[in-house]
Amino acid sequence: MKLITAIVKPFKLDDVKTALKDAGVAGMTVTEVQGFGRQAGHTEVYRGAEYTIDFVPKVRIEVLADVMDAERIADAIADAARTGKIGDGKIWISDVDRIVRIRTGELDADAL
Amino acid sequence: MKLITAIVKPFKLDDVKTALKDAGVAGMTVTEVQGFGRQAGHTEVYRGAEYTIDFVPKVRIEVLADVMDAERIADAIADAARTGKIGDGKIWISDVDRIVRIRTGELDADAL
Amino acid sequence: MKLITAIVKPFKLDDVKTALKDAGVAGMTVTEVQGFGRQAGHTEVYRGAEYTIDFVPKVRIEVLADVMDAERIADAIADAARTGKIGDGKIWISDVDRIVRIRTGELDADAL
Amino acid sequence: MDAGNTAWVLTATALVLFMTPGLALFYGGMVRGKNVLGMLMQNLMAMGLMAVVWAVVAFSLAFGDAGNGGFIGNFEFAFLHDVGPELIDQEFLGFLTIPFVVFAGFQMTFAIITPALITGATADRLRFPAYMVFIGVWLVLVYSPIAHMVFGGGWLADLGALDFAGGAVVHMNAGAAALALVLLVGRRKGYPETPMPPHSLPLTVLGAGILWFGWAGFNAGSALAADGIAAQALMNTFLAASAAMLGWLVVERIKDGRATTLGGASGAVAGLVAITPCAGFVGGMAPIYIGLIAGAVCYLALGLKKSFGFDDSLDVVAVHLVGGLVGALLLGFFADASINAAVADEGVFLGGGGRLLWYQVVASAVTIAYSFVVSYAIGAVINATMGLRVDDAAEDEGLDLSQHAETAYAD
Amino acid sequence: MDAGNTAWVLTATALVLFMTPGLALFYGGMVRGKNVLGMLMQNLMAMGLMAVVWAVVAFSLAFGDAGNGGFIGNFEFAFLHDVGPELIDQEFLGFLTIPFVVFAGFQMTFAIITPALITGATADRLRFPAYMVFIGVWLVLVYSPIAHMVFGGGWLADLGALDFAGGAVVHMNAGAAALALVLLVGRRKGYPETPMPPHSLPLTVLGAGILWFGWAGFNAGSALAADGIAAQALMNTFLAASAAMLGWLVVERIKDGRATTLGGASGAVAGLVAITPCAGFVGGMAPIYIGLIAGAVCYLALGLKKSFGFDDSLDVVAVHLVGGLVGALLLGFFADASINAAVADEGVFLGGGGRLLWYQVVASAVTIAYSFVVSYAIGAVINATMGLRVDDAAEDEGLDLSQHAETAYAD
Amino acid sequence: MDAGNTAWVLTATALVLFMTPGLALFYGGMVRGKNVLGMLMQNLMAMGLMAVVWAVVAFSLAFGDAGNGGFIGNFEFAFLHDVGPELIDQEFLGFLTIPFVVFAGFQMTFAIITPALITGATADRLRFPAYMVFIGVWLVLVYSPIAHMVFGGGWLADLGALDFAGGAVVHMNAGAAALALVLLVGRRKGYPETPMPPHSLPLTVLGAGILWFGWAGFNAGSALAADGIAAQALMNTFLAASAAMLGWLVVERIKDGRATTLGGASGAVAGLVAITPCAGFVGGMAPIYIGLIAGAVCYLALGLKKSFGFDDSLDVVAVHLVGGLVGALLLGFFADASINAAVADEGVFLGGGGRLLWYQVVASAVTIAYSFVVSYAIGAVINATMGLRVDDAAEDEGLDLSQHAETAYAD
């Protein structure tokens, strides 16, 4: 089984969700994160003191999937999340030994 | 080494923590996340505008463990987190090359 | 490709960021998490009721890297995050099949 | 009609009105984040519904036929009949030098906050419709009679019991009703094993600040004039709040090892409660002594719910029932005729003997018993018919979503 | 000079001043977290800039040459000339028993909050410098003339239209200007597809509480004395707010299935708006009827923006324009000479026939038309020259960062 | 006794009392989330402890033997002896037309907020017990003497220096004490390298709103009557706050490129501080000029801590010491006998020459020097005995947990 993890811009979450639904994905898990990379952060000023904030808000999306679906899902996320501007984020795919659905104890593909 | 990741219902966190302690697990890391899946979200109303929120609050639990403990720990989590109702969540196990305890530099099993 | 994940003390985040920059790392993703482990939590009191909070705030840092850089990066993080006191956290390295840069579709090392 | 007195009672009315949003925040900060709107909304609804019920009938039942020495008023002022911008021409109320309508308005703000006080006890588990019915009926059957007996020249006033601004009418009354409801609805799911810490103490401190501010109107406004008694009541109010904060924190520090922010805010409120019956009847250092005692005793009264196993979630019994009782009884010791000529029997410490203290005991007992019994009865009927408590799933989800389809905080 | 009246107007001035921070929070809680400082700052800026413009020229344009039956005042009080601690010696304003400077101050607080009301409509997308220019010009060209026509003894007052505390001058005026601006700046990015739920309803409830409290000063202060009319206005204000909350929630419950916290707070504000023109002119149960109607109608008016496709983000049109209009027209039915001798023609329900109602229609139409047209013109000029709206990137980033280089919340 | 005057001073007392919770939120929003309760609690404790110390002895030391032209009062009013609902029969205080107890109460609210102002400077690092001891001693040794010298008919009053509502007694005094403490406790860990942005600017704006509102009582209440001087003071207060917001923001915009929300709120407070000594002594456009100057100068004074390397965390020196000084000195230019007959020497701009300005310089210098030296001494003794500062681990953990075993926010 595979785990697809994507870091995307927060306002793209809805588009990604729709794309995943269209790709037949039944579930995902989302986390608010802070990203650091090429995309510039911003500057804040408080009573004359200027702070540079390097981190940019992002969301992290995790999707468990069958081996043969993983590439397709990654592509779907990439297409939905792309704006073409710096900071669109990354997607990575990694191996999972086993997946369990807690409710039923079903395993792997059945657990999705 | 293995990494066990579980997505469970927030109010089950305490039970899972107890079960892990009982299973001899010394540590874990917990993240607040939003889950999307079979479990329905909810509807909110603001001045006549109705919004459907698909996401459901969940917690993500990560436990690093020795290869031979992984299954047992996953089972312990599953047992503790199960309510039998839709939305109980998923557990997955994946491979880890190496674990380091930052404080001492100990590796792998010694780092736990 | 490799994914280096580190759980560190929040006030060490800045030092780790600097160390990573020095190590030539171009990006990372950071999540606020709660850690449970050897480090004691704390006690709160509300109108005579005492609560023990086991969890300790931590940050989780993820860095995608080339296979050959992974160890070096893990070491850099460990050095920067170390205080020598209990609770300094863990670092682990795991395998990644593929990395995609969403903006360009570049893969693996080119995606970093 | 006196413009100075009117100016002050107008101000005081606005101040007391402001207390209910303050209370909403005070309580709202203490509940979990999934229940904060439920709490705010119950308090808002008290502002909405109680005002209308007051205008329709409750004011008249409280202050109609004022001075009859009886148990309840009549319907003479129902639907605000004869309640207008002129002075009222009636024997008992004839002392008023302010437009009658602002007297009705000032008293209305008391009728709003009293049921609102109860909401702290039953936090996180009341069905909203049942709550509305409860407070609507309660105002008429519980609040109006007690207000009449004490403030409206009813039999407790005739007896000689003193209650300057509502130690009995407001605080013991709300506290006893809270206890009754808590026994009916039972404990929150997970109480006491699961910690349920306050979700926003800054909101609670803000609420306490607003209450403290508004209480100036509550107590000093109860003089119904801008005179020396109002001035004394104001000073007493502030001194008691301060001293009670210290009293609470000292005991907390000794027992728990820390002086907490929630303790500071709670102690101040306990002092404000305790000084309420005494505000215009005592002077000098008495408010400080009353405050110190009330702060310490109310802190200790937090233990009651543990001992007796009920879940008075935000400690309405410890703060309002016990605090109100402490104030009412201490008035029996500190009442001072040199401050207010209305003090016919001075307190024990002023050489007046135990007579006033006895009246205070009687009035307190009557108030608590009446309120507890009738509140319990109203609650039981509602519970049997429409159900007081949300179901398990709704309680897990929180009142905000289950009762109001809202979440308090978003990005 | 009367100390009692002065005491009350001093208090009322402070209360109305406090409404603008309250409004800031009421609105600020409703926007997304990345725009809350933008909202707060626009309201703060109204407090900063409007006061200075008022002192320099706007007060004089509103109340100079008072009683001239015309369209605008003059420059006699520009730069606060002759505005001091003494009584004013002028025919039309001669009824005042308070220092002239506090009259100017009291009216100033109205001039601050009126443009601030507009900010809810254009939330999340105005450029800060453009906003400043807009309100600065608007106060002089829109607010002052309308205030003069209605409050300053101008032609609408002469006509016989009544507006106790600003149903036209404040609410319809702000509502019409809001509509004009909204048409000019267009919708928020993503509206209406993307949900933009309130980021902190507790802030909104707090803001509503402050508004409710401050409105005591707004309406009862408009009596400019601590008399029976002030007392009646206070009671009416509170009753209307309560009743409107109920009216709104009943309709909301029926249409949406839930009574919401935001609905409760909004309903109360709608009632406060509607009672504003009526406050010192009606009595008895009238405020309750006015409130009930206003709450229900304003809730229904939320649908306007859907029907007509404009993005009045926080419903300034539904609450202020419609609410103010409902109040102004209902005054034509409920005005009562027994409450206030200034009521020359009583309302329809008091047997006065339709004359007052007709004046109310005229005054409302004139106010709305004048405000809409001139506001649109001012906005259009600013839009063409400096641009009213932030660019796309700034809107995505949020006003807090893009306009003020700040974030509202941190660890 | 005058009911109108009493009504106003009652109101003003409540308003000033409300300022301390406002200040708590103003400061509390600016600190990091782990220290907010520490900040709120220090302010709450000022409300608790200062009131009791005031009643016991500090009031008497400030206003006992009033008019003696000396340095300090006596013990005649200790334990509130003779402080009651009647008029006071004393030569210097004989002008009062209000119950003496409300005068004591009004002044008490000043004695509460003054030490509370200091807490902004030492944010995030004071031990709570040490703080309590400090303010307790400070009130007696620093506040009471300065209040006596200036307000109580002491030698600075006799000299001819003017201070309408506490530019010296409250603001320069608190600012100088803040500087002394900051030098003693040192900088926060990580300052200035680590950014420590405000954790909740909406709380700060709310706090500023409450302060602005309460300042109406602070300044206009200091007239101790509801008269033309009070009215003028109210107007001046509001105009100065508004103008100072503009002054601050203009300079901020030029220097930092942005007008910030924190800047808007801070500027308004700076204006309120600066107008405090002038409020009842100036008129016309003077408050606007004073505000504009104060806003700009206080913004520039933020640089002092950078230049001199001290960590005055929330800028108490820049806002209160500098703001108070700017106001006191500008009074030497703008004081106007036509506004207030108590102005014996008019300001430079009114043709009074430099005499008043000289008195203002002397009074300011004496206040600052006295407060700085004695505050430093008290702080040094406490530091040497019990320690002023929390240890490193406690500072990392934050005051909320380390001092009060609480966290401000939870789910």
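Labels A, B, C, D, E and F are assigned to the chains in the order they are written; within every chain, residues are numbered from 1.
We take it that a contact is a pair of C-beta atoms (placed from the backbone, for glycine too) under 8 Å apart; a residue touches a chain by one contact, two chains touch by 3 or more.
Since the model is a prediction, treat every value here as computed from it, not as a measurement.
Two chain pairs, C-F and B-E, are weighed by contacting C-beta pairs, with B-E ahead.
Between the CA-based centres of chain C and chain D the separation comes to 52 Å, rounded to the whole angstrom.
We define each chain's centre as the mean of its Cα atoms; on that basis chain B and chain C are separated by 18 Å. Multi-chain contact residues of chain C (touching two or more other chains) are listed as 31, 44-46, 94-95. Looking at chain E, one finds that residues 2-5, 7-8, 11, 15, 197-198, 200, 206, 210, 226, 256-258, 260, 262, 405-407 touch two or more other chains. Each chain pair that touches appears in this list: A-B, A-C, A-E, A-F, B-C, B-D, B-E, C-D, C-F, D-E, D-F, E-F. Within the complex formed with chain D, the chain E residues making contact are 2-5, 7-8, 11, 15, 32-34, 197-202, 205-206, 208-210, 212-213, 216-217, 220, 225-232, 234-235, 238-239, 241-243, 245-246, 249, 256-262, 264-265, 267-268, 283-285, 288, 338-339. Residue ranges on chain B touching chain D, taken from their complex, read 11, 14, 42-46.
For chain B in complex with chain E, the residues that touch the partner chain are 44-51, 53. Looking at the complex, you find that chain B touches chain C at residues 1, 3, 17, 26-31, 64, 94-103, 105, 111. Looking at the complex, you find that chain D touches chain E at residues 1-8, 10-11, 13-14, 17-18, 20-22, 24-25, 28, 36-37, 40-41, 44-45, 47-52, 55, 79-81, 83-86, 98-99, 101-102, 104-105, 108-109, 128, 200, 203, 206, 210, 226, 400, 403-411.
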